[in-house]
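There are two complexes below, and they share chain A, which is joined by chain B in the first and by chain C in the second.
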Partner chain A sequence: MSDEIGAKLKDYLKSEILHDESYPMADDEPLISSGLIDSFSLVDIALFVEETFGVRIDDNELTADNFDTVAELVKHIEANQ
Partner chain B sequence: MARTLPGQLFTLATGAESAREALRLIYSDRDEIVLSRKEVYLAAQRTAEQLAALGVGAGDLVIIVQQDSLLLTASFFGAALLGAIPSIMPFASEKLHPDRYRNAMSALIKLSEPAVLATDPAVEDDARAILPEEGEGIHLPQILVLTPESVLGNSDEPRLDGTFDPDVVALLQHSSGTTGLQKGVALAHRAIFEQLDQYSKSLDFTTDDVIVSWLPLYHDMGLIAGFLMPLLTGARLVLMSPFDWVRAPHMLLQAITAQGGTLTWLPNFTYNFCAQKIRDENLEGVDLSSMRAFINCSEPIYDNSHRLFAERFEPYGAGIEKLATCYAMAETVFGVTQSKIGEPARVEWLDRKALREDLQAVPVEPDYENVESAVSSGKPIGGMNVRVLDPDRNPLPERRIGEIALNCSYMLTEYHRRPDATEEAFHEGWYLTGDMGYVADGEVFVLGRKKDLIIVGGKNVYPRDIEMLVSKVDGIHPGRVVAFGAPNVGAGTEDVAVIAEIDDFDMPDEEKSLLKANVRRKVAAGSDVAVRYVELVPRGWLVKTSSGKVSRSANRLKFLDEKGL
Partner chain C sequence: MTLFHISIFSAAAILFSVLAKGRWRNWLMLAGSVLAIYWVQSVTPIRYLDFWLPTATLALVGVVWALSWAGGDEKPDQRETLITAAVLIGLVLIVGLLRYAGPLCCLTPSRPPQIWIVGIGLTLIAGLVFGVERGLTGKRWAVIGTIIGLLGLLIVLKTEPLTEFASAGIRSLMGQSVEQASAFDIRWLGFSYVAFRLVHVLLDWINGRLPAVSLQEFVIYVVFFPAFTAGPIDRVDRFVRDLRAEYTFTPTDLYEGGQRIVIGILKKFVLADGLALLALSGQNALQVESTGWLWVMLYAYAFRLYLDFSGYTDVAIGVGRLMGITLPENFERPYLKTNLTTFWNSWHMTLAQWFRAYWFNPVSRRMRTAKKWPVWAIILFGQITTMVMIGLWHGVTWNYAIWGAWHGLGLFVHNRWLNVMRARLRKLDERPALKKAYNVLCVVFTFHFVLLGWIWFALPTVDMAGAVFAKLFGM
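Our next item is the complex of A and B:
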């Protein structure tokens, strides 16, 4: 996966969603299904991805099944850029 | 004749306007479903037949765990048609390990002994997982899996007329968010109709109103305002799922536009959420001018949230004069107060020091140095008496802050199978709300909770539950943890903060980060919320009470002060 996309995503998730920049986030750590990121933040993540990478995530796609980890998000972004 | 829920549904389904649209279900991923008054009734009757085949009769409890709003409607009224008692419960969300949900639900089932658990194919696994293990003295419900095909169809006529005693219990409404045993608020038919009559008057509600709602039906605001009021009065209801709405908040505004919506009820955070998270492109063609009011209810109300919303949506027809407020609770069926429709809710600017130290609401100018705003929830609705009590439960005059107590004829019958809780809730005939507030010129201002309840995005979170979870994290000492709510004006809700004392405060930063991460992971896995602030502090940081217990309120103030919140 792209290190650059992953790093940007992690920076965003840590600082804007978790509000803890020192959080040790692994690429394969479940974020949504674990409850670390709640459903109210899903729209924020979609807007960030759209603005930063130009990839639109459809409202219905935004679920734990599709985007539970940084690695999955990166894969989706790369496939759609 | 005194009304009952199913009797009223029957009257509407067999009246002159039985073909009039009653319910429109909107989905993000499939075509909408539109049902007339008669069709709503028939879906319920078909469900009633399936429930009756399982032996369900009058007075039996039917627990409903379903995702599809069509089936929720059919199950709720299907049980009601038999004189059974429906209770809609949440299903587990997307979390993989909803242990907390499972434990709370199976405890509830053990206590309440439902005859049937009605579910649908989408959440059937969730529903089955909440059944307690078989054992002596444990009564397991039968399972009914409903599908749209099994409830839809028009080749029938209404038969069950719902005639029975209006003083029996019509439904159970469960309090949200506790890990402990939930309390089921038992409401009688008579109380529900008295509330609906009084509350509709305060809204100038008519059958021409169109209610648009995304609220979950297991919550009192969703069930009463966003479901029963329109369906039992004959006004139109446009309903969408909370799971769709949270991913696409513009759905609400588009539905209002398409259907000429007039009323919607929203928790405070929604105003920020809509103002900040809807793309401009999703607002193309949106017209909110048909709306009479967006009613802010069920969370502490922030003036800032209203201003953000009005700023963004005034060009679309939703200015500040359309942002009304309401104070409501399941125990009084729903509404306690309602601000006047068509006028901006009254905002007061108060001296914060007098507020916090003297428990007095002293008005000051908005530019006063130490100021805090409070938004009025309006005046009591008809038949509702409101008092503010001091700690000895004596009534206080206007502008003095105390616990809000209520008295009305549409109070709950009891907490289901919890005589202890029912008795505790009343003092000399007055229901003790646990909410703190004051009255000024007859208007009620709600300021917060007496106990340390945190409300995050409309969900109730109990600090003790969070503290117990954090205490289980390796490296954290039980008893040296405190959790509380910190205001988040930007999001229009509260955040959860956790402070924990650690022995080895000089440990490397990396270890501290890991410890903090483990605190977050533990709370995320074991509760419904994500923690925003995790602070590790050295021994002796936490303020204790005279009896040696960690004080939530004192540590909250210390933390807010240090963070400048």
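Our next item is the complex of A and C:
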């Protein structure tokens, strides 16, 4: 289950946010704190998570502290599904 | 805060770590923080105002707590609430009674009002909080009204003509000369941070995210003395988690907390205050003849600002650590970042996060969901409005607004640049030396973008900032 969520998230991040399908994204790679993804994209990711997995991420949860990596996002989605 | 304040706070925190056991921990923290907000309040020329401003802070804390009823469905323990209220009233009375304490007078910078006036004030405040708790708890319109009121008060205090107007009103009430009213009369220490903590609590209440918090915990959260004057702006849920955790003070806490305080003191009182002699300011900006010297002054300003503010944060985090509270970080080597986005992830982080959580994210989400605007327009609107508001938080002036817009525009341009260049930039991964050189170039560029932005921040008028820009670039 978590592999499937992780794969979907990575596909989305690479194609829609990074526009680079070949990007070798690791599960524990810092995305926000490294500046790879900015705060606006975090809103887009929240909308994608809500549409795809039915899990709402509140506006005040959308920070690098909570969701800096794919692994953290997967954990949050699994915990709230 | 002066070095004397910091020394006493540090000594109090060490004493606290030795004495604070079990339930006494929170009571000591409450008493220490309440007394501290009177002690650090600056003197004002309006009679008794340096007593009433901290008292008004406590009144606002009480009103917000009563309004949100500490959020959850759990009813707060009535006995504990009454004891907390009694302790708070007792502490304010002690501060007031010091008027009569001869050589011990006073904790406030000037003599507090006569005790019967203090008594009337406290009765009115207690009545207000009780009235709110009986009639307005959980009322959405009252919560929204209080948010508007708090932000309105912040705007008045940050806008010089409005502060002057308010000062004239208070002076006339106190029978003092209205002609001498000035914007500097009302220096409500810590209010910018207090207001943002209170608004965060009320917004979280509206969103149904506010945890149940007792009055005692809530007062400590809002006026926790290490973070009272210069932040960081913690979140109530995170702060209260620390407060409720079992407190075990170890030599590591003493060493690491103490080390952080010493680093903070060195940064603030040695390096920042040393650089202040050189740093660009409204007084010296137009007196400089040499362009080279003006650049030196601008660099000095940039480092002074960082060392000053991050020094205070270090002290706050260190003192908090001694007391078992892990305050959030506010700076993380901001001048070494490779782009403006990561700069804003590492400069005054808790303020930037506040604005992201309560403005940027909800506005961007709403605009994205509406699907009426192109992506670039949403990003431009979100970044500019967020950064202009962060600018205006420092003071309602054109220069702060322009400083905010400067950064908002910079963030927008960086976002668009990255969007176009990301795939190409990744090819640099195959050439590590080139990538390293590129990163160094990015750090230098980002730093200088921020540096030039500080001109708006450091100087009081647009004309003066324009003249400094012209001089720096030989125009």
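The rule is simple: the second predicted complex is superposed on the first by the 80 of 81 C-alpha atoms of A that agree within 3 Å, B and C clash if a C-alpha of one lies under 4 Å from a C-alpha of the other, contacts with A are read in each partner's own complex, and residues count from 1 in each chain.
Keep this in mind: a residue touches a chain if its C-beta (ideal position, glycine included) is under 8 Å from a C-beta of that chain, and two chains touch if they have at least 3 such contacts.
Everything numeric in this text was worked out from a predicted model, so none of it was measured.
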In the overlaid three-chain picture, which partner chain does A:19 touch, first (chain B) or second (chain C), both, or neither? both
For A:30, using the defined touch cut-off, is the partner it touches chain B, chain C, both, or neither? Pick first, second, both or neither. first
Who does A:60 touch here: chain B (first), chain C (second), both, or neither? both
Identify the residues of chain A that lie in both the chain B contact region and the chain C contact region. 18-20, 23, 32-35, 38-40, 42-44, 46-47, 59-60, 62-64
Interface residues, chain B side, partner chain A - complex: 28-29, 93-97, 243-244, 246-249, 269, 273, 277, 279, 457, 509, 512-514, 516-517, 520-521, 523-525, 527-530, 532-534
Parts of chain A lying in touch with chain C, wherever the complex brings them together: 18-20, 23, 32-35, 38-40, 42-44, 46-47, 58-60, 62-65
Touching residues of chain A toward chain B in the complex: what are they? 18-20, 22-24, 30, 32-44, 46-47, 59-60, 62-64
Mind listing the chain C positions that touch chain A in their complex? 204, 207, 209, 235, 337-339, 341-342, 345, 353, 356-358, 360-362, 364-365, 368-369, 378-379, 382-383, 411, 414-415, 418-419, 422-423, 426
